[in-house]
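Listed next: structures, encoded as structure tokens.
Two complexes, one shared chain (chain A), two partners (chain B, chain C).
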Partner chain A sequence: MIGTRTLSFRKLLLSLLLVLCILSVWALIIWFGGESPFKGFRYIIEGSLGNHYQFLSTLNKMVPLILAAAAVAVPAWTGMWNIGGEGQLLLGAFGAALVGFSIDFGVGLVNIVVALIVSAAFGMAWAAWPAFFKIKLRMDEVVTTLMGNYIAAQLIAYLINNPFRDPRSPLAQTPYIKSSFVIPYLFEGSQFSATFFVAIGMVLVLFIFRKRFITGYEFDITGSNPVFAGLSGIRVKKTKLLSMLIGGALAGLAGGLLVLGMTQRVMQSFSPGYGFTGLLICLLAFNDPLLIVGIAFLFSALQTGSVNLQLFTSVPAEISGVLQAVMVLFVAAFKTFIVGRREG
Partner chain B sequence: MSKTYPNGLEALREVSFEVRKGEIHAIVGENGAGKSTLMNILFGLIKPTSGEILFNNNHFSPKHPSEAIDLGIGMVHQHFKLVQSITVAENIVLGMENRFQSKLRRVDREAMNESVASLIDRLRMSISPDDRIDSLPISKRQQVEILKVLYREADFVILDEPTAVLAPNEVEDFLEFVRGIREMGKTVIFISHRLGEVFSLADRITILRRGNVIGTFDKRDVDRESVANMMIGTATDLSEDPPDCLGNESVLSVEGISDVSGTIRDLSFQLREGEILGFAGVGGNGQEELFEALAGSLRLVSGDIRLVGSSISSLDTLERRRAGLALITDDRMGKGLAPDRSIVENCMAGHHKFGKFGKWLIKDTDARSFTESIVADYDVRCGKNIKTAVRALSGGNMQKLLVGREIAYEPVVLVAAQPTAGVDVAAKKLIHDSFRRLVKTGSGVILISGDLEEIMGLANRIIVLYRGRAVTEMTHPHYDPTEISYYMTGIRGAQDDRYSHS
Partner chain C sequence: MDIELITTLFRTSIRMATPILLASLGGALTYHAGIINVAMEGLMLISAFFSVVFSYLTGSAFYGIIAGVVASMLISLLYSVFVSFLKANNFAIGFAINILISSLTLFLMRVMFQGKNAFNSPDIASIMELKVKTGNYFLDNYLLNFSILTYLSIAIAFLLAYIIYKTSFGLRLRVCGEMPQALTAAGIKVGVIQLWASILCGGLCGLAGAQLSLYNVRMFSRDMTGGRGFVALAAILISGGKPKRVLFISLLFGLFDALSVKLQNEKIAPQFALMLPYIMSVVVLLLFHLKTRKQYGKA
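Right, the complex of A and B next:
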């Protein structure tokens, strides 16, 4: 309510231009793949939005993407880079699974809420140490959060191989969570569940937090000009730390929701890179929570759609990886144009 | 030569002067007099609005520094541009290392070091080409910076306030070094506002004041006092008088503060209620550090700061603001405002910590009415749209917004650094009037300013800063601009400057 209107309009326009550029290069790539771009796009759209199963599947895929993107966005408001969403998400997933297979409070709702809180706390913990190192030792959080991803991946691999491995399973994975922890599917034949509304709810909370709350205002001022923020009496380090913790919690929550709403356990290669896709979505959305939902929808539709593309044409589903890479390049190229150079 | 910046600032007004081959030519002037603009034009960093340069009787209008370098012009900037982790020779040769490359692209370090060593020998310097930059003291790094220029066979060397970074005992060595450059037959432009050094070194002196050349003089024809007069300008307009509402109680007392780097040293003063205390001085003599010390962003090694009797030395900026301090920074774009944010958001900053717009949720109506009152009271012209990004405002309107926001704290002590830098006359008057109103309520104002006229018209008392020390103090109505200019340029009162008494 107190932001600058002209600026966000310009950002929106440039974002649209960026998407347009990406779409045209995509068309070229599909054409090189031996398919007419229009047919290709049609298969992608039909595959993601064609009927209500496919639509629900697209919505369901959005859940981790939205939260992983929000995990980048909130720290970015204060000028912090959280590249560690992937690791925080893994930790969060493990936290939810750990609670799910070892404890039981008797009431399903309590179980779910506790598991989600624990997942957020695990994610938060994984964001806390890079934030701490940044503030105390001035270590670049880009490096520490990024490295944290690999540490987290190895840590989780160890945990699900040794102490928490399901003894009945030939694979490295945790036991299933108890059925009272499971967030049920809402429609037959689809994995769509209430997790979607949790993600949307978080986005709305963040939107309101940023626009209407004193602390959200401090986030924005800190990110916009930290020296000015400090001189105004905002405690810059504390604000940055808080934003990083919220970011970690959101990524952790994404992991928790995946476990409770879909996989019901943590296994090897649990995340196909949600954290990094979230980073891209956040960049595309210029850290804006509402735009994140829109861009996440686009990404999700692309992923479900390219499976359909493979089904009906000679273009392999892996094309979505190429299409994503195209997006990365354009985002990188446009970023300095739109947002300008910024201190990390 | 004239230069008018796009924002209407006239940095240079039909400036003319000439430099003779083989001389050391000093250019003196206060900060903002146009020295940097002039040199940047010479070096091809800025395009002049009108006028021309003749270099060795040829027309010369560099569009890029490389053109200036090709003609043998070298510039040493105030801030070093050296790579810390490599050696002196490597830094000097950097960018020309292909001269020492074999066909296999291997750099012949022996030959490289030798060529640098021969230059060092010619200047009789005590640096080894093998020294790493980060192991050298500041004064030597500066010499490396100059060597870099000389190595490129520059015949015309511009030194931009080279002594600003040097400790007093390093200055003499440095001046000797510059004389050595002249003996090599090179021409040197020496920019400074320390008249002691200028008179010890220069052959001729050009004086700049507010974008005009006051004159070029042979050193033998002028004395320091007259140069100081011409540089600072003593024909000041004293139509304004400081406010007359002095109380007896001290609101701020600073007792012997020094910072880690020694930029401010053993500074003490008292500020009474209803008083405006002016700090005069040429830029870079501790003004910024004094502001930071009061704001709480500079670590002090000694001394104490007390606000109405209680110490605030250990408080952070927020706690100091809560105790009754307000701060107008000298850098409105960099530190005083968030230019990309709206006027409302910029007005709220800081005040939101006082619960004026709610504790958790922002009360939109309160934020708006608060902003609207500042915009109205301080005549901030923003087309009635308080959601405009601050960046879209003119410099004067930004400054009024900043001043309005800080005075809205109703502070016990207002610290104002360069509060009217780069603003028009009307805005200046409005800001001065707001200070006068503030002190009537019993508050005190610390006015740190490079504008002597402003200080003399507004302050009840003036302290002159030179190299981080308070060198003199004068009380209204016993102001003598000539006397002040001597103190500002170190002709009088400097304790540790060996050129203070001739």
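Right, the complex of A and C next:
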């Protein structure tokens, strides 16, 4: 008893040290950016949580981050690396926009559901070929999914420049989606919409799927010990393929929700790197769906807060990316001592 | 095809192949030591940034290269400490480092130069070319005026082929990847060998980044490595880390880059030209895997 208690005391101490380390390095970075750290932290907190508009804005920015992180997490359960979230998200966004400006079923809800399904399908298709090559030919999925991002970015750039360009716009972008496809804002003066609840709902579904369904359990077994999984009758390759497809669909859905809930069209530089921020979130959350929500909230607050920081000081908003990545490295360093050494 | 086109393509291929070659030679070292290095993208990027900064500040490309190499080696050291000593997952740390450097370089560029997405200046000194005049027009124009790093990279390829397969360090390196227990049994620390491989890899990726930003374009722009670290990774996987094969595959990927540059001036949509190198690296990887699968099938 005493042994476990002292052990947990040590863990607590290490965790505090970890938080202290992260905060002090963050302070250093803010100081390097040209602002006193305390003021910097205040601007970040005020800008993300200060009043209810900013709080809603932080919640709203969580939507693509949660789904992009889940798109990495689900394949990671079976031991697959999905680095292609960025490309899958772009294709999903385009899929939703394509449905949104070309078809109309007459009923708003049907429209939205169809557009979201198409966006998930587009994302899934973009994850399908790396997954297929991986299980058939053992082609490294890290390389193929990553190359997929660059290919998708150029493909979308082509599509919105040529065949699907809005003829009335001087910029390369698709036409606006029809108003019956738009997921309306819930509060005046804020872009917060029901998309947030869709993202949270997906996380809950994933959580229950992992804990309460046999397939979800098979995902975990395949990831932790593929040989044992194979011997106990799990079709390892099929499980891996399925996890990757689900991951692609989640990333595609993120793109679809962004189009229907916020941008209402696809334009150049649609994603400021949601896929990679999602990857960082997933790494910090150790692939756990519920932790993803917490970390996504923190990351989103850092992003909205950094915009506020740039508004009032000389520190550029790009600081949020540095703060996020530094946090991941520190947690990875301390994880060895707090949780113990473990593969994966 | 006229001779002008062929020579232009040839020159551009060599120019574009050099950073890929340098990075994949570095990655080959860690590959043999048992680490699939996904941080090469970030290593090249940090070097590209600091090469430009120091070349701009000192007016000397040499100091630029040194700064880039040192920065890249330091990050590589960090990577190795995480992977070899803290036993963190190499993919996780690699990507965390890549994303860190992508945003760090952007952040530093804004803070130091108020640049938006790119920094260029006439004061950035470019890497010198080999200045030898033989009097032979063909030789002078098509073989002897590349960046000095190009010649260095080819020399390094042969040097590494020797080191990996003919020296005791090379032997330890390969054992480290294939049977680390044997190394431990012989009283050699696996982590130390991996550390050295990573530091050398950092140095080579540093040279690669310098070639990119001080010769190929002479500026720094956001995420300017554009996935070359992963093209290099593909080259390593295809070649099995054998330096002479790496040389050949890098030249092939350089050719695709050159074709991409060339096609951007043609009638087809530029996006397809820009896509080409990425598609081709996937295609080459695919062909390689199809071929190896056939061999397994026969055996």
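Convention: the second predicted complex is superposed on the first by the 301 of 344 C-alpha atoms of A that agree within 3 Å, B and C clash if a C-alpha of one lies under 4 Å from a C-alpha of the other, contacts with A are read in each partner's own complex, and residues count from 1 in each chain.
Here is the rule we go by: contacts are C-beta pairs under 8 Å (C-beta built on N, C-alpha and C of every residue); 3 or more make two chains touch, one makes a residue touch a chain.
None of these values were measured; they are calculated from a predicted model.
**Student:** Would you check which partner chain A:Val110 touches, where first means chain B only, second means chain C only, and both and neither mean what they say?
**Tutor:** Neither partner.
**Student:** Looking at the overlay, does A:Gly230 come into contact with chain B only (first), chain C only (second), both, or neither?
**Tutor:** A:Gly230 sits against chain B, while chain C stays out of touch.
**Student:** Identify which of chain B and chain C touches the larger number of residues of chain A.
**Tutor:** So, of the two partners, C touches more residues of chain A.
**Student:** Once the structures are superposed on A, label A:Met139 by its partner contacts, choosing first (chain B), second (chain C), both or neither.
**Tutor:** second
**Student:** Who does A:Ile151 touch here: chain B (first), chain C (second), both, or neither?
**Tutor:** Touch partner of A:Ile151: chain C, not chain B.
**Student:** Can A:Ile214 be said to touch chain B (first), chain C (second), both, or neither?
**Tutor:** first
**Student:** Looking at A:Leu28 after the superposition, I want to know if it touches chain B, chain C, both of them or none. Which is it: first, second, both, neither?
**Tutor:** neither
**Student:** Okay, in this complex, where on chain A does chain B touch?
**Tutor:** 1-7, 212-215, 217-218, 220-221, 224-225, 227-235
**Student:** Residue numbers of chain A touching chain C in their complex, please.
**Tutor:** The contact residues of chain A facing chain C are 29, 32-34, 81, 83, 133, 137-140, 142-144, 146-147, 149-151, 154-155, 157-158, 161-162, 276-277, 279-280, 283, 315-316, 318-322, 324-326, 328-329, 332-333, 335-336, 341, 343-344.
**Student:** In their complex, what parts of chain B are in touch with chain A?
**Tutor:** Going by the criterion above, the answer is residues 295, 297, 316-318, 321-322, 327, 329, 334-342, 344-345, 348-350, 352-353, 357-362, 364, 367, 387-389.
**Student:** Under the touch definition given earlier, write down the residues of chain C that touch chain A in their complex.
**Tutor:** Going by the criterion above, the answer is residues 36, 38, 78, 82, 86-89, 91-93, 95-97, 99-100, 102-104, 106-107, 110-111, 226-227, 230, 233-234, 237, 269, 271-272, 274-275, 278-279, 281-282, 285-286, 289-290, 293.
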